[in-house]
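Here the structure is laid out as structure tokens; the discussion comes afterwards.
Per-chain numbering from 1; labels A, B, C, D, E and F assigned in written order.
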Amino acid sequence: MRITVINPNTSVEMTRIIGDAATRAASPNATINAVNPDSGPPAIENHYDEAVATVPMLEMVRDGEANGVNGFVIACFGDPGLNAAREVATGPVIGIAEAAMHAASMLATGFSVVTSLERTCVIAEHLVQRYGMREHCRSIYACEIPVLGLLDDHGAAWERIVEKCRQARDTDGAGAIVLGCAGMADLTQELTNELGIPVIDGVSVAVRFVEALAGAGLATSKHGDLAYPIPKNYTGEFARLSPGKR
Amino acid sequence: MRITVINPNTSVEMTRIIGDAATRAASPNATINAVNPDSGPPAIENHYDEAVATVPMLEMVRDGEANGVNGFVIACFGDPGLNAAREVATGPVIGIAEAAMHAASMLATGFSVVTSLERTCVIAEHLVQRYGMREHCRSIYACEIPVLGLLDDHGAAWERIVEKCRQARDTDGAGAIVLGCAGMADLTQELTNELGIPVIDGVSVAVRFVEALAGAGLATSKHGDLAYPIPKNYTGEFARLSPGKR
Amino acid sequence: MRITVINPNTSVEMTRIIGDAATRAASPNATINAVNPDSGPPAIENHYDEAVATVPMLEMVRDGEANGVNGFVIACFGDPGLNAAREVATGPVIGIAEAAMHAASMLATGFSVVTSLERTCVIAEHLVQRYGMREHCRSIYACEIPVLGLLDDHGAAWERIVEKCRQARDTDGAGAIVLGCAGMADLTQELTNELGIPVIDGVSVAVRFVEALAGAGLATSKHGDLAYPIPKNYTGEFARLSPGKR
Amino acid sequence: MRITVINPNTSVEMTRIIGDAATRAASPNATINAVNPDSGPPAIENHYDEAVATVPMLEMVRDGEANGVNGFVIACFGDPGLNAAREVATGPVIGIAEAAMHAASMLATGFSVVTSLERTCVIAEHLVQRYGMREHCRSIYACEIPVLGLLDDHGAAWERIVEKCRQARDTDGAGAIVLGCAGMADLTQELTNELGIPVIDGVSVAVRFVEALAGAGLATSKHGDLAYPIPKNYTGEFARLSPGKR
Amino acid sequence: MRITVINPNTSVEMTRIIGDAATRAASPNATINAVNPDSGPPAIENHYDEAVATVPMLEMVRDGEANGVNGFVIACFGDPGLNAAREVATGPVIGIAEAAMHAASMLATGFSVVTSLERTCVIAEHLVQRYGMREHCRSIYACEIPVLGLLDDHGAAWERIVEKCRQARDTDGAGAIVLGCAGMADLTQELTNELGIPVIDGVSVAVRFVEALAGAGLATSKHGDLAYPIPKNYTGEFARLSPGKR
Amino acid sequence: MRITVINPNTSVEMTRIIGDAATRAASPNATINAVNPDSGPPAIENHYDEAVATVPMLEMVRDGEANGVNGFVIACFGDPGLNAAREVATGPVIGIAEAAMHAASMLATGFSVVTSLERTCVIAEHLVQRYGMREHCRSIYACEIPVLGLLDDHGAAWERIVEKCRQARDTDGAGAIVLGCAGMADLTQELTNELGIPVIDGVSVAVRFVEALAGAGLATSKHGDLAYPIPKNYTGEFARLSPGKR
């Protein structure tokens, strides 16, 4: 089974972290291909970055689709363009926020999200609502670490992340932690040891969920609003993105 | 007051309809500039079209912003990229679905949405949820008319639209109709006459709401998650979209 | 366009503040008539005051209607009798809480309400629920200032209001403030300057929204539950309020 | 224990039906006093009627309170002025819609409301939302019988009511029926026999619930927003309604 | 009227407290039979205890049913097996959490739950959701007292319970307190005196509500999902629990 | 990895179907042990059956736990005793309704449930609510086939199941079908072929999700309300179920 894990930002270093986490998590019969676009924002930290990064992400789904990939992971906690990617794809497509929140709801009766920047909290909040997790999500915390700051300075980031996780566990009664940034993937094991509760990295779980769905013979519904995009000719620079007949 | 009304698809004919509706609706002291990108999908009929069309739409907000425009209307019923556009803009930005649903909730205790294609209904549904209109929205109907079909064949479209509006009014108890496609803007008056209940074209109301907010001295919050995008250098073809320091 | 702005309490001083705010906000082609009943509570501070004040408010809507007024604003943050007023009126009727919350949801992804008395918070809370603003409202604060205390002692009131607004902005992540009392209307500009985020006075926005709806050719739905009241003869002292044939 | 059952409309005939139902339902140690105002609408069929009728209803709560009554029932399915009445009262105050819906949720996992006029359905709907019954309420039906028509023509009304009840039971899976009009109280037993499922008359249950709460030593909370109204002098014709010091 | 009050745990001492509260609350024409199983957990402090205790509780409903009992109270705050018990029973069956929350919503616009152990809070939370009390419940507090600790050490328990009740009243604006454990029943009066707001013991209210429903001629719906269990032969040790033909 | 799949009813034939589906779905490195109790209901068709069957199901989790099993599937669509089982287990525990609904939400924007008996629909409905799937679930249909009837008469059952699935797909816009009974597991492939949309058997997906979670190094949270049951001595016949120290 071949799974493409897409980091929608252009940071090669973050793609490496994501790819490592995905490879560690994948079962032996899955092959992980971690990719990122060479065009767009180097980090996704607000709605605008997210909107722009969605287009090259979709191009990568198109590429994967052309290469017969079996499933996709969108490795950015805002799950940008998830339904658009599902229209393009034949196999399952899972966002890391989606995967992590669903997993958390199966392991604890309440979870908290610990993410990078304050201004991305509202994105997490909207996803909580969209995935029906309002009753399961106890709190959402930001550590005020820029996404790429995670790469530069794990020491200071670590302290702040641990502090917020403890607050979630001890004050809000969270039974599990959802890490709110793909760049935190390599902290998962250490945080689990520190906190004694499940700490969930969406990349790992999303890879496993794609395997689970595909392994159970399931694929994205091609009936209704997730059917392949209606063929049409786009104009201008985006002409290359025109959805063809399938 | 200068208001830019953005049709995010590339159909010049639809931009004309939208521009006409906007101009008719605007008060004398507002100047309407109806625009569309020359790159992207000619009609927005699914999640994928919407995701791609968001980028040129954002470019137009950037352009408007550079020209000191006072507010923006996003004239596609899916309200694509609304929060991203708000980050970029200083003045108010309103989506036509948002405007129409809010207006409907002020004129009737329940409304129905009558839109173009079946597969876009889920987009309307997600917006109903996001705008807190679950208790106000009685039903969502599709007329199975492709977006551009509205332009070609008003006769057949008319019959189907009227039928769904009647069903909403008589069976579901809708006190108002929200038209679910910018391309229906020029049917508004005729439908109102036919049905005897408020028929709401989002373009008209969105223009008026931008005027209302700006007129009351209000602008998009620049605190928190709608602050200007964090400056950073994008790479590749999207480098031109890099959010600068403001 | 003639708009009647009804202060449902009997305080002439508060009507003056409301009328000033309404006039400042109105566009040049709108004429504001700010009125209050001479019968009923001098301030609306609980459910009972609100219920009693609804009747003279409705009489004023009847008067306005008889005089061909184009729209109404109910200038009390509890939006008392809103649907009853809509039954009586032909043009749009908007409550100031309704207007302010809807506006806030278009300018920020989250807002907070700062109101006068603790015991009115539950009224704001019920309106948040009714208008579908549960996901947008971050918090509701009371300043423990009696409604008329705002008139007497702006100094002390000011301190407490600013403190609560700061808490909303800095602790709860509110991107906008909704002022929870018509009597705060004249503090709006100063608070906006102090806080750097949109501070929304419902009177101003409601006036503008009535203009917007009427300007877009929209009126209250006269189909279904907002149709004119079924004609019948009331008895006793309320006989004068009997809804006639229209 | 003395319970005042208030029919907020002026129909003496309906008060008789309500009083009979209340008396039949009451336990031996309760005394029922069924009353109606002599001022206001003869039937409550829309928001406006409801708003006006609330004031004389509140006067009757004041009267009851002055006479040391132990509890109140508001016998109109819209539960008009419920929280205002609770502020005035010391003992429990229960609305018949509230009582019937709560009772239904204890006897079946889903119920339907069968009411009089189409245009009152939205009132029932708002109450369903307010009482947290969204998951329990399967459907709301109107029989298109004017409230006083129930008194004139039980034959035709009967047929239509039974038809809607059957539809609720057989198509929507309702396990119980909530009668949506105080004037239907005397049909309860016959409908129960006909349908074989609990048919709930709010008057009967509300009386019993007032007894239950008072019997368990409970009274309306006088802390917070249901405390006695803040004393103040009302002006004009409503001066007599001024809330005094208690 | 004969009412069986079932303490689903095996603590005879707690059954005594529950029986006393039930008897004090019952009206003169009701006979209370407080019982507990001799098999199962001595206290119910988590999901597992609750699941096991449900079976002997259901046996007691079967026994009561065989003896023609008129109604049942399930006297454990998690309301274990409520719908299963309703299938077995002919008369009303009410859980004490259900009764207390419904009563609270009739006496105050907001209530808080004060319960025993932290880990049972999630059970209360799920019930709040199930009974539609999300908008009414202000907070849920645990006092970290083991259920049976209430029996041993009222002094220390008292202090902690009062502290949490005060916090609910003064910080969260709760107008009433719901006691979250049947073992707190005998503290109700004293707490009411201390706090000056309604303190609601579910046992008392549940008994009164069973009386109210049965007194109003109402019984559990035997249509649909609460009909008597479909007859079938169970195997093994649970063969004795086989639902027979009725 | 060893996974115990528990059929909580005593039907050996159904356990065989479930075991076959589980084994087909499992990845090569998982070993499936499909078991059923020898005590309790032969089919679970209402709340009462479910409550009784929970106890032997929990015993099997205890057994599995004693044998170091890595995870559990509860193979009954009501997900009976899910949280209780999670308290007992160390590894992941997943219910088949939970698994199927979560999977469906990842493959389509809306799904429908097609289940066996009408009276179990409410159980599915409660799970939809509990898992936050209100916005994703389009409809719930019963085929009026007794659970064991599926085993006896696949021909007639097939027709009715296909009919309801078609209705869900064509009328309600469901993009995927969730099979609402473990006994339907062996129809999955054939239904998928017939309908052309994902048809989801909870047994298959639950097995795969247990593998996914355990494979990603995740286990049930042992902090808070899913910690091991508090040790205590049960009395009577259930003494053997006493939770010990771990």
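Simple rule for what comes next: a residue touches a chain if its C-beta (ideal position, glycine included) is under 8 Å from a C-beta of that chain, and two chains touch if they have at least 3 such contacts.
The chain list, named the UniProt way, goes like this: A, B, C, D, E, F = Hydantoin racemase.
No experiment lies behind these values; they were computed from the predicted model shown.
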*Shortest walk length in steps over touching chains, chain B (Hydantoin racemase) through to chain E (Hydantoin racemase)*: 2
_Where chain C (Hydantoin racemase) and chain F (Hydantoin racemase) overlap in contact partners, by chain label_ = A, B, D, E
*Taking each chain's centre as the mean of its C-alpha atoms, give the chain farthest from chain B (Hydantoin racemase).*
E
*Which chain is most remote from chain A (Hydantoin racemase) in terms of Cα centres?*
D
*Numbering shared by both copies at the chain F (Hydantoin racemase)-chain E (Hydantoin racemase) contact, with half separating same from different*: same
*Would you mind telling me which chain pair, A-F or B-F, is linked by more contacting C-beta pairs?*
A-F
*Round to the nearest whole Å and give the separation of the Cα centres of chain A (Hydantoin racemase) and chain B (Hydantoin racemase).*
29
*Centre-to-centre distance between chain C (Hydantoin racemase) and chain A (Hydantoin racemase) (centres being mean Cα positions), rounded to whole Å*: 43
*Residues of chain B (Hydantoin racemase) that touch two or more other chains: which are they?*
83, 109-110, 118, 121-122, 129-130, 135, 173, 224-226
_Pairwise chain contacts under the document criterion_ = A-B, A-C, A-E, A-F, B-C, B-D, B-F, C-D, C-E, D-E, D-F, E-F
*In the complex formed with chain F (Hydantoin racemase), which residues of chain A (Hydantoin racemase) make contact?*
25, 27-29, 83, 92, 94, 98, 102-103, 105-110, 130-136, 169, 173-176, 189, 192, 196-198, 200-201, 204-205, 207-209, 211-213, 215-226
*Mind listing the chain A (Hydantoin racemase) positions that touch chain E (Hydantoin racemase) in their complex?*
109-110, 135, 173
*Mind pulling up the chain A (Hydantoin racemase) residues that touch chain B (Hydantoin racemase) in the complex?*
10, 37-43, 45-52, 54-56, 58, 81, 83-84, 86-88, 118-123, 126, 129-130, 224-227, 229-230, 232-239, 241, 243
*Mind pulling up the chain B (Hydantoin racemase) residues that touch chain F (Hydantoin racemase) in the complex?*
118, 121-122, 125, 129
